[in-house]
Structures are given as structure tokens and as C-alpha cells.
Amino acid sequence: MGRMRRGCVPGAGRGRAVLLAAAALAALAGAGRAQPRAAVPPALLAPPPAPASGLIGDDVSNDAGRALTLSWKLSPDDSVGLHRVRGYAIERAPDPSGPWQLVDSVAARTARFVDQSVRRNTDYFYRVTTLGPGGITPARSVTGPLRATSSWFNDRRYSVLVATILFFGFVLYFMASAQSGKKPFVRRIPGINAIEEAIGRATEMGRSVLFLPGILDIDEIQTVAGLVILENVAKLTAKYETPITVPVSYPIPFTIAEEMVRAAYLNSARPELYDPTSVRFISPEQFAYVAAVTGIMLRDRPAAHIFMGAFFAESLLLAETGFSTGAIQVAGTANVHQLPFFVVACDYTLIGEELYAASAYLSGDPKLVGSLKGADLLKILIIASIIIGCVLETLRIHGFTHWMQTQ
Amino acid sequence: MKRELPLLTTALIGLFMILSFFVPHEWVSVPADFLQATAIILVAFGYVLGGANVLRVNLDAVSKRAPGWPYKVLLVVALLVTVIIGVLDGIPREGGFLNAGTRSKWIYDQVYSPMAATLFALLAFFIASAAFRAFRIRTAEAAFLAIAALIVMLGRVPIGDRMTAWLPHAFQLGTMQQWIMDFPQNAAKRAILIGAALGVMATGLRVILGVERSYLSGEE
Amino acid sequence: MQWLERLDRRWIFVVMGLLVLGPLIKPLYLPLSVTEHVRAFAAAIDRVPNGSTVLMSCDYDPSAIPEMVPMTRTAMRQLLSKDCKIVITVLWNAGPGLVDSVTHETAREFPGKRYGVDWINLGYKSGNEAVMVLMGQGIANAFPRDYSGGDTRSYPIMHRVRDYSSFPLLVNISAGYPGTKEWVQQVQARFHLPMVAGVTAVSAPEFYPYLQSGQLQGLLGGMAGAAEYEKARGEKGTATRGMDAQSLGHVFVALCIILGNVVRRTRPAGGTA
Amino acid sequence: MSLHLSASLGTWLAAALTLCIFSFLYKDNPLYKFAEHLFVGVSAGYYIVLNFWTVIWPNLIVPLGKAAQGLGVDPEHKGPFAAELGDYRAWLVIPGVLGVLLFARLLGRIGWVSRWPLAVIIGVYAGIKTTGFAQGDLVAQVQASLQPILGRTPWETVNAVLFTIGLIASLLFFFFSREHRGALGVASKIGAYFLMIGFGAGYGYTVMSRISLLIGRFQFLLENWLGLR
């Protein structure tokens, strides 16, 4: 927390104030080019404005000691239509006796300024001078010393901290308990049944299965999830002796996919059925990839299409072409924009998190299952907070809502 | 060394960045700021590397006379020409290679820009044919989707209001569209948003713990 | 109806093309009405004190010109006509050249406005969220040079710009990642900077939760949003001129959905194909 | 209404390339392939130049050059290592070296050293994203959902109840720790309906975006190229 320092030191070093303020006035006039400058000397038009008063200052909280905020009471002459005040000049000095330095000037009707040019842990004294067409009037007092300090904790972020710690705690707990052999329960995702049915259907029809792991590289989590699902799909196709085709768009997922399919066939009863061309590297270019895949769909007529991973604008083209060949289609993506196209054209669609859940379920990896369970537990807490919060709000009790506010 | 050090680096930096969110003190915020400045520069190197990779892959395809290799020659030439002109344009202008009047700006405006814009305009056609051939309303779920889609699609453009101008205000397509967007779809989107946030945080934690290391795969 | 099922999809392409082309040649002048979130967008800019400096991030590239460019122009006009100063940034790779042309063209409509004094284009920076957070410690730290290669700190407009606290409002015109979502997460939430957004229609639904929560004060969604914003500002730009074509296109897609399902329903024998 | 064909070579080139890409609608053909490969080549080259001139040059090379002379952003501070917030001077050697190490990826045998810069990038983004999502999407969104159920009008009450039920039901749809049977089954079914309405809205808006892009291209061809006025 920043320390607060307020106070006024009456009458100090008015000497150079006039000079500095004149510079500020010139700057202000230069900045507001929209207003035509009076041809008559300003002093002939109006008397100098009454001074601003009550300057107070404070350290800006929750920062690294980089700013001070100042506010004052407007000059009594500063009112709309009067045109006696053109603005205010803010000056600061290391000592009440000077030397004074112009910080900035602000327009009329402004009673607040944040000085962002301060050095940390340094004392400053401030004064504000009223500028008008009729002359300049320094404030009658100086405020200070003010000092900007660093805070050790941002006190507007408690709720985020609590949420983060809770969530990390849950995930770590479930990971640990999964690793120690206590396998947490995760329900079977209906999409997995749909995938198995689709492969079964392809087997019955004596046609192949087409699997796409999305169009992004391995650093996309959806691609990883897709590849985990591919591992299981390949095991099934190897078991049922059904051919599988996997077009891939990036080199690294390609190597991983190839390895997975090969391993699945080599560990099956008929390793000789492994076709080295079943996993193909196509191109990272979106439309080139689509053209190649739709080509495969139309030529080879696979009976089952499985799309699992990150898809973008091509989802529409893939789903449409696939639909027109009459194949069973199962899709899954966390790219929400693309889900509508899959939902209407596919027999089953894994929606968002279901993709990750399916891959966690299939892999049985304690770390994946752990984070899934952690997220589930936090969801229960969220739902509880929403219900409690809505009830409290309805009863006009706002404390809980305010605590969560981060801004 | 090959794996452990990068994993440790990621873990420490990740934790430090999280810390810097809660601690504004300069002992934390200045190093965090430096790390961000570093990340920006590294990402830029990453893009340059990406371009170099495209060059390598395509030169490879040309030298192996892979199918369609003449197109790859075109690609490589286009890439090199763009780079050379860009570098030459930038030198006298302190890096302002895309300033008005440069050759790079001409390439950007007349070659890059129209093609980028047109590639996605193709989707207007595909979306219509997909609507006709692959929009199946078989289940209650699909029916909800279809009805919402039709109301929103028509209600968001002037013709929707024109078509239903004879109805009371509350039943006009524009009003219904707005209501769907503000309430039912908003509730669903918020649930997805919250779920996705948990997913990202879980992934972040796994990366920091070093259990999510797919980015390290590849060259051993 | 059987022939419809086997219809070559290129016929659908032809109809779509003609329906969009027609109204562009011969407009129908369908009346537009300005919706609530568009009004809120314009009002939020209106509330900015005259003469203050506003941050405007234009995160898009040429593939989203028809939606993003009209929003950029109208927002810039609204700000300049309030004597606001504008600091422009671009976080999309392929965007800076386009954004520079558009901003220069728009600024030229205001003869008194000078580059570097009333507005500045800081150009592109890679790094997405990292750039946003870095700007929080100093705009010029992240962007030491402007688009044209000049020293950012030497321009008069930058003398009063340190970090996000120098701006009363962030106007984000964005076509995807990085864009509105990231600005909300990293800047609006972190630095408490009020924000409005103009986004492509594809991503617009995703941002309704941010509107309801007040994280966004206004939203322009797609070309319709841009057209309504033009109307609210009394302009007739490319978005307004496109709305008739947009209307017919939507009606056609709606008919395709309905007709496609009717055709499949009336098919004599079953089967999924 | 009359034609005023553009006299600019550039506009003709842009129009020709636009038409080459549209030719894909008829079928995949050499004109489209030509345009596509040209596009990929130009954009890859463009990314290289852009990132060099707009990031590597101003954010790395120029400050390093200044630091070599002992200068930085603040002229009162002197010395190559006199770093402060936003003015890192010679410390920028670190990102410079790490950036060069990224290219080890192209060299095969020592490709593993590219993991160090990668580790830095991943660490920074994992940290930023975790807190960004925690604040902007998790806490802020949950907080905004805490609203009075009883509105000022019956219609407001209906909407508030509907919104809250929709949100909770949709959250339960993504609940994996229990079978979706009984009450949970009903709730997740309701959630699925809400999600479908959300997807329907998404579909409608996507249609809008795509058609807008087509309008934009037609406007270019009609106005800039053919000069139809």
C-alpha cells in the first residue's frame, strides 16, 4: 500500500511561478489551435482569474510507485460562459522553496491530474496556477511532500487470487490422487460410442475410416487431444482390420500420428495390414489441405469421417463434402465458431470441453483426468456462487458482488 | 539438460508472470516487463523462422520434383522477391518499408491484399451450398439451432424488419433477434467462456508443472 | 423435387453471386434501424471529454476489409470531430499497410489535423497479449518507432501519453485473435481501461457476455453493425451501401436451409445419404 | 450509370488475381493454383520483412546500438547496463541470442537448443494467459452473473430467471464427474438446448460475415476496377 501524505505549506517561492505559468499558458494556447486567439492583448479583456485552492495529493495505489494523483477546487471564476479561466498549470519542486518545474497544464473545468513523471520514493511539492486570458494567478499555498511508493500486493485482485489458488489446489489434489492409483470417476462421453459405431459401420461396409486431427500444429492443445483420440481409433481399426487414412497438415503432428497408427497395427493380430501411406503429410495451407481432403473423400469414399481438433473456416467445406458422400461423421472441436457447421452436418459432435474430456477419458492419463476433475469441482463452486449471489442481490445485499469486482 | 532446463525455465517464468499480476512492486514488475519485451522479440524471430521454413520446405519440394513443383518455384520466387524489395525499401526509411509510395506497399496493396480478401469471400458461396446440402434438422437440438439461426440471420438485416413490419414490435424479427442474442445465446456463451477459462488455466498450470510438454516434441 | 437433390452446387453459387451483385448495381434502399449496442458504442465515444487522447487498436487484415474498414473510418471521424487525439496500433501481421492507408485517407478529410500531433499510427508489433501487457508499462516502450520509422517519443501527441492511464477509452476494431477478447482480458480487466469494440460478425456473439458484464461499453457486430453506426453518425459509407446485398444474401441462405430440409423430407425412400 | 475502367496497372492486377481465386468456385484449376502459391510466397516473404523492420530492428537492434554507446531512452542515465523500466539497453543481448537460437531448428542436429527460447515464450504466455483468463473471463464473468432475479418489470424477471437457468444448465452440460441421469440429465439437456440456440446465433452471424466479404470484393470489382458510377 502506498503511504498517504497530504498537507499544505503556505506561501512559498512565488518568484518563478509567473514565468513557468506563462510558458504553460503559451503551451495551452498552442495546443488548442481550434480556438482563435484574441487579437487584443488579453489583459485588456478581463481581470486575472481568482486562484484555485485546496490542492490535495495522494500516491496512486497498486502500482510500482510511478504516479501521484492531484485534485483541487476550481477557481471561483472557472464556470461555463465566463471565459475567465483557460486552464491550470501544475508545477512541482523537490523543496517548498523551489526550484519549480512545470509538469503539465490542463484545460479549464478540470480539477484532477495524475503526474506520471515522478520518480519512486522521492518527495515532491506541488502547486497549481490558474491561467486566464486576463493573466495568471498562482495558488496561495504549496502541497507536499508527496511521495510515490511501490505496493507489494494489488488489493483489487483478491478475488482473482482466491479463484486461482482454489483452482490450482483442486487440480493438484486430483492429479496427486490419480497418480497414487485412486482413479477419479469420469463419465464416458457419448461421442466415444459414436466414434466406435462409425468405425463398426465402416467395417461392415468394407470401406475405410478418415481421421483428421485438426489443422493446427502440435502447440495447440486441441491437436494433442485429437492425436490422443487417434491413438484409440487406430487401435480399433487395427482390431477390426479396417483401413484408416489420416491426412495431417503439419510435420510434427504428422510424425506423431504416423507413429501412433504404426504402433496400433504392429500390436494387433495382423501387423502386415499396416499401410505406410495411411498417414499423409498434406500442407499447412488451409485451402490446399481442404482441397486434398475433399479429394480423398470423393475418391476413396470412406464410410466414416472423424474430425477431432482445431478447425476453422474449412469446417464448412469438410462437413458439406463429407455429408454429400453419405459417410457417418463424428466431429469435435473447441473452436466455438465452427461448431454450428459440424452440429448440423455430423451425426455426433463433441462440443468444446467434451473434446478434452474424451481425450482424458481415453488416455486415462492421471494429469489430464486430474485437471478435468479440478475444473468440475470449481464449476460446482461457480454454480453455488451464482445461486447465492443472485439470491443476495435480489435481497439487495451487495457485499459478495463487490468483493468479486476486480475493477 | 536438453529437456530439464527448458522445463525448469518455463516453470519459473510462468510462475513469475503469475506473481507479477498480483505484485506491482518494481522488484517484480520490472523483470516481468523485461520478460514480455523478450517474448515480443522472440515471437518476431519466430515469424522470420516460419518464413525461412516455408522457403526450406518448398525448395526441398522443387529439388525433389514433387508433384506441382513448378508452382513451388513460383512460391519461392515470390517469397524472395518480397523479402529483397522489402529490405531495400526499409533501409533508407529507417524501417518504414510499407510507407506510402514504396514498392513493398504496392505489392501489399495490389497482390497480397486482394487475394487475402478474396480467399475468405469464397466462403459466402460455400456457406449457401452447405446450407442447402448439409443442414439437417432431425433432432430437437438441431431444430433449436435452426430456428435461432433463421431468426438471427433475417432479424439482423433490414429486410427482416421489412418482412415483419405488420407484426407488433415485440414479435418483429429484429426484436426477437436482439432478445435471442441478449438472453439465451448470451447465457450459453458465458458458460462456454467460463469453461474455456478453466481449460486455459488448467493448461497453464500443466505447462508450468512441466507435464504438458508437447511443445518440446520433435527434434531430439 | 428429385432433381433438386442432385443439383450441381455451382448453380447455388451462381444464384448467390447474382443476389449479392444485383443490389450493388441497383440498390433497394431498405430502411436501417440503429440497434441498442451500436447506439451504446457511439455514445461511449461521445462521453469521452473533447480533446482527450484515445487509443484505437486496429487488429485486422485485408481479409476483413468490408466489415472493419467502415467501422475504422466512422470511429476515427467521430473522434477527430470531437478534437480527440488518436493513437493507433496494429497487432495483426498483415494489417499495418491497410490500416495506414485507411487512417491517412480518413484524417485527410479533416484539413486541420496533423500527423504526429492529432493522430499517430504506431504500426505493428508481434507478440499479441505480451504487447498489450507491455504497453501497460509504457506505450512507447513497446512501440519505440511509429509506422513510418520515426522515433515515437519525439512526436508531440506522445508527450502526454505514458501508458493506459493516459487514455479515457480504448476503441478496438478487431477481426479475431489477437483482438477484443485479449484486450478485455489483458487491458480492460487488468488496467481498468473502458473499452468499446467493433468486431466481425463471426466473433460478435462471443462478446455479448462482455457487454452484459459492462466489460465492453458498446459493440459493433459485422457489416450490419458498421452500417448502423454510419447511420447513427449520419454517414453513407460502404457498409450502408452493402446492406441491401447483405439482406438478399441472408434470405437466400435461409431459403437454402428450409428448402434443403424439405427436399430431404419428401424423398421417397430412407437412407442417410 | 456508366463504366469508367481503371487506368491503374495495379488495380488491373488486383482484379485479375481476385478473379483467379474466384475461379476455384468452378473447380480447382491452374489459375487458382497460380494465385494461391503466389499468395503463400508473398505472405511468407512479407512476414519476414515485417517482423524484421517493425520488431527486430526498432525493439532490439536500435536499442542495442544505442546501448553500445552507453545511451538509452533516458539520456540522464548513462552506461550500457543502466537499465530501468522499459529501457533495457545491453540486457537485450539476451533476447537477441535466444532469438538466434530459435533458428537451430533448421539445423537438425543441434535443433534442441531452440527449446530454450521456446521455453521462455511458453512460460511468458502461460503466465499471462492464466491470469488474463482468470480475471477477465472467470471472475469478471461470474461476478456479472450475480444479478437480482426480481426485475423492475415481470418481463425483466423472466429474462433474468431465463438467463440464470440457461447459464447454470449450460455449465452442467460440461460436468463430467457424474453420469447425466436424473436431475442432472434434465439440467444438461436444457443446457444443450441453450447451447444450440447459441450455435444457431453463431451460424447466423457467420453467414453475415461471409456475405460481407463477398460484398467487399464485388464492391472492389465494380467501383475500383470497372469504375461503375
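A, B, C and D label the chains in the order they appear, each numbered from 1.
Convention: a contact is a pair of C-beta atoms (placed from the backbone, for glycine too) under 8 Å apart; a residue touches a chain by one contact, two chains touch by 3 or more.
Keep in mind that what you see is a predicted model, and the values were worked out from it rather than measured.
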| item | value |
| --- | --- |
| Chain whose Cα centroid lies nearest the overall Cα centroid | D |
| Highest C-beta pair count, chain pair | B-D |
| Where chain A and chain B are represented by their mean Cα positions, the distance between them in whole Å | 14 |
| Centre distance in Å when chain B and chain D are each reduced to the mean of their C-alpha atoms | 4 |
| Separation of chain B from chain C, taking each centre as the mean of its C-alpha atoms, in whole Å | 15 |
| Junction residues of chain C - those touching two or more other chains | 13, 16-17, 20, 63-66, 93-94, 96, 125-127, 130, 133, 137, 141-142, 145, 149, 189-190, 202, 205-206, 209, 212, 221-222, 224, 246, 249-250, 253 |
| Shared-contact residues (touching 2 or more other chains) in chain D | 24-25, 36, 40, 43, 46-47, 50-51, 53-55, 57-59, 85-86, 124-125, 128-131, 133-135, 137-138, 140-143, 145, 164, 167, 171, 173-174, 195-196, 198-208, 211, 213-214, 216-217 |
| Where chain B touches two or more other chains, by residue | 18, 21, 26, 29-30, 33, 36-37, 39-40, 43-44, 46-47, 90, 95-96, 98, 108-109, 112-114, 116-117, 119-120, 123-125, 127, 129, 131, 133-137, 141-142, 145-146, 149-150, 153, 156-157, 181-182, 185-186, 189-190, 192-196, 198, 201, 203, 205, 215, 218 |
| Contact graph of the chains (line, ring, star, complete, other) | complete |
| Touching residues (chain side chain D, partner chain C) in the complex | 1, 25-26, 43, 46-47, 50-51, 53-55, 57-59, 62-63, 73, 85-87, 124-125, 128-129, 132-133, 135-137, 140-141, 143-144, 198, 201-202, 204-209, 211-219, 222, 228 |
| Residues of chain A touching chain B in the complex | 62-65, 120, 150-154, 157, 160-161, 164, 167-168, 171-172, 175, 218-219, 221, 224, 252, 255-256, 287, 313, 316-317, 319-320, 323-324, 334, 336, 340-341, 343-345, 352-353, 356, 367, 371-372, 374-375, 378-379, 382 |
| Partner chain A, residues of chain B touching it in the complex | 18, 21-27, 29-30, 119-120, 123, 126-127, 129-130, 133-137, 141-142, 145-146, 149, 189, 192, 194-196, 198-199, 201-203, 205-206, 209, 211-212, 214-215, 217-218 |
| Of chain A, residues touching chain C in the complex | 32-34, 67, 104, 107, 114, 116-117, 325-326, 328, 336-337, 406-407 |
| Chain D-facing residues of chain C, complex | 10, 13, 16-17, 20-21, 24-25, 63-67, 93-94, 96, 123-127, 129-130, 133, 137-138, 140-145, 149, 153, 182, 184-186, 188-190, 200-202, 204-205, 209, 212-215, 221-224, 238, 241-242, 245-246, 249-250, 253 |
